[in-house]
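Look at the two complexes coming up: subunit A is in both, with subunit B in one and subunit C in the other.
Take a look at the complex of A and B:
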């Protein structure tokens, strides 16, 4: 009977382990499957196409070029490798001001023909139209080559404008840099503070203070990040704005501060645990040789706890990089490459949270957001591996 | 010369050392014996003020070393500890190289001269009878040494800062008989240059290494005399009982 229960429990534990592993794997597979679709998606928004006159020598335009053209920033074909002619932009709506409803026929059956007429009449034209009105007879008209969104556009693209027409821009560089900048500054703030407080708790504070402070700090780790975000929004951002004399307090720096505050409890708690595992004998040995308390801390305790401290820091970073809500609330959410920490930025998690709701399922935007998730996953994976390496590293230098 | 005057020591309300008056001559070995929990370690730690680290502990009376009260407001505890070295019950080398272990005390005491440190490390390891065993692997981790070697390393580490007194708290209790014999031999040599106060559980060891022996019980100093006399003809009955093994 006892043996039976034993094996039963063992099997249950094994099973739950397997289920967890499979779930995690499934999530990762799902993430990458959804994300990878992005590179099979057309650059031009789904269901639309871009037409030019057949004599136009331009064969294809990158999403960036398309955007510049339709924004009116590029006005001459020469810049795109064509003839020296001014570009005429033709937006689909214009067809309704050229022709009356009657001329376009019932259910717009004649619309493709009329489009053909208009486009073939002007060698400088560029037209952006729904795929379904594509003229059947492409005389005097040329469809620009349809390219898939490329890896380079995604990974080193400098602009993230998922709603741009005709071609949305999915360059993650601003988001990636935003994430790294905010996290990096946060870590720069959190490490000295966190390790400092950990040292204070483990080595300096008396037992009563420690018993009070440690649970309080651990409690901080449990506060929902929205609360931190709100705090950042109503307290930190205005302070930064005032002190820095800025137009806007919601900056990368505000995000870093909020993240640092959020990462602190993790760092403090784990680093303190690491320091408290140091045998009393080590401390005594150092003190008995005439080392001061401070010498003992930085020559014996910190090196001895270094792998634990490193793990604490990495876990803190992990929280900072993946954090969504708080950062979403205080960084100002401008998806541009930041020049300084006092500018608005937008991080990857914040982007996913903010945009997933509006991105139509299965569309390029949706897939791009999943790809962002993959990037985030890889970043945190790297961090975990680093953490693993550091904490398994032998503390003794040979 | 070490002297205690009416020393009482308390852990909170627990009276661990009771009115002890004792004088220890320089360049000799003094053994502290007595049953477990009688306060030997507590008494030993008074002389390098390691008891200071214990919260709620309190000292009454005076401790003098070489003509100075070591518990005044002006006493520099780090300088005191440089002069009064300590070897602990369990070998406790740092997780550093053999060399760095011995050099540690010099470095924390502000010595930067590489050549001097190197010289001092060799001298100390030689004095601790370890040099020949480790001279080719000074950069190896101290943890690669055997327990007995580690304890001698800890002795070398204590000697490196040139103390005049060495406190040893059951330094051989965690070691095998051969390592123990080596440590005892070492104490014999060291006591010509250093004052050695050694706590031991082992009667034979006390008899072998010390010039004088102090017997403690329940925090009181029961008897203190020449080792020979103590073991051959103790004055007190408790001492007699303890050394013949009828107690503790």
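Take a look at the complex of A and C:
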């Protein structure tokens, strides 16, 4: 009977392990499956097409050029390789101010015809219309060549404007650099502080102080991140703005400070545990050899606990890179490539959180956000591998 | 005995969740619907309607898939969304339940008190970069926008920017409260918020849509008499309507329901 229960429990544990592994795998597969579709999506928004007059010599416009044209920043066809003529922009909705609903017929059957009339009448026109109403008779009208979103546009594109019409811009470079910058500075602040506090708690503080401080620090980890974010927005950002004499307080640095505070409990707690597991004999031996307390700490304790400290740091980095809500609230979310830490940045998790709600399911924007998730996953994967390598290396030389 | 109680409980739970009517969509309309529903429930205790947010687009696509009974929206249904309903053989009906006015806010210490639509377009598309270009002091303009998922973002883009894109790298805040907070603590800031959110920490600007001939103060009266230009209707969309939902929509449109609308800081339908 006892053996039966034993094997049953063993199987149960095995099963739960397998289920977890499979779930993780499925999530990753799902992530990549949803994201991969992006590179089969057209540059122009799904279901829409861009038309010009057939006499126009321009064959293709890049997403960036399309955006500039429809924003009114490029006003002449000459700049795009066409004739020296002013561009006339025609958005689909304008058709309803030219013709009445009656003229367009029941269920808009006459709409393609009317569109054709309008477009073929003006050689300088560029029209942005639903694919569905593409005139059947393409005389006098030319469809601009459509390309798929390219890998280079995505990975080294410098502009992230997912709602731009007619062609959204999905350049992740500003988001990627923003994420790395904020996390890097956060870790730079958190590591010395965290390890310092851990050393104090493990080696210097007396038992009473330690018993009071450790739970207090661990309590910090339990505060919801949105509270940290609000604290950052209301307290940290104005302080940075005042001290630095900046135009605005919502900067990468504000984000880093908040993240550093959030990563501290993790780093302190794990590093301190690592230091306390060092056998008392090691410490005593060092002291017996005449080493001072400080020499013991940096010659014996830190090298001995180094793999634990490395684990603490990696978990801290993981927390910083993946943190969403706090960063969303304090960094200003401007999708530009940062020149300094006193500029506003937009991070990858913040972008996903802020935009997924309204991105139409299955569209290019939705896929681009999943692709961002993949990028984030790969970054954390690399960090974990690096941590694995570091902690498995023997640091104390025999 | 215990079993019976449990079964009845589960039945009751599932029963209400299956038969409860759902309203879903815009976060702008959400507080309004909630308040209206609270008032409505005081009189009709047995009514089971649940309200959730998620964004106008989410609401409309849920209506299409049939997972909600009413979609609340802070923008008019888009042409291609309407087409999707037509393809699915559904007829979508709309009702305007209230109006919401957007005000453009700046830091209280800013000397600028009025702007034209063209100037606003220049500021939010990044062509005007300094307050002295629009009659203020020599200070960099820092425009704040809402996130792309918000109906307010879309409406402001349509109405003020005339469908042009916001400048690259505009600061975007996840919530209206964030915009108020940031504008109140940043000297060169400018942002846009619903009337319901205005407070003394920010200054609302007078706006002109006729190239500077008349500037209209952002007040409820001006929004009501339609002289204030940045006003948008808030909608309920539905396909097939049942009695419960119909009664609720009717209630919102009664004077009592419209009083809830005004109390919540929105403009009632007159």
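In the analysis below, the second predicted complex is superposed on the first by the 368 of 398 C-alpha atoms of A that agree within 3 Å, B and C clash if a C-alpha of one lies under 4 Å from a C-alpha of the other, contacts with A are read in each partner's own complex, and residues count from 1 in each chain.
The definition used in the following text is that a contact is a pair of C-beta atoms (placed from the backbone, for glycine too) under 8 Å apart; a residue touches a chain by one contact, two chains touch by 3 or more.
Here the structure is a predicted model, which means the values were calculated and not measured.
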Overlay on subunit A: subunit C relative to subunit B, clash or fit: fit
Touching partner for A:289 - first (subunit B), second (subunit C), both, neither: first
Contacts of A:374 with subunit B and subunit C, given as first, second, both or neither: neither
Which superposed partner A:220 touches (first subunit B, second subunit C, both, neither): neither
Touching partner for A:173 - first (subunit B), second (subunit C), both, neither: neither
First, second, both or neither for A:110, with subunit B first and subunit C second: neither
More subunit A residues in contact [subunit B versus subunit C]: C
Contacts of A:299 with subunit B and subunit C, given as first, second, both or neither: first
Superposed arrangement, angle subtended at the Cα centre of subunit A by subunit B and subunit C, nearest 10 degrees: 130
Which superposed partner A:205 touches (first subunit B, second subunit C, both, neither): neither
Least C-alpha distance (whole Å) that remains between subunit C and subunit B when both complexes are overlaid: 51
Residues of subunit A that lie at the interface with subunit B and also at the interface with subunit C: none
Touching residues (chain side subunit A, partner subunit B) in the complex: 206-207, 279, 281-282, 284-292, 295, 299-300, 303-304, 395-398
Interfacial residue positions of subunit A with respect to subunit C in the complex: 47, 67, 70-72, 91-93, 107, 130, 132, 159, 161-165, 174, 233-234, 237-238, 241, 247-250, 328-329, 332-336, 344, 346, 353-361
List of subunit B residues in touch with subunit A within their complex: 48, 50, 53, 55, 78-82, 85-86, 88, 90, 92-97, 104-105, 107-109, 139-141, 143, 154, 157-158, 161
Parts of subunit C lying in touch with subunit A, wherever the complex brings them together: 54-58, 61, 79-80, 83, 86, 125, 140, 142, 147-150, 153, 157, 163-166, 168-174, 178, 181-182, 185-189
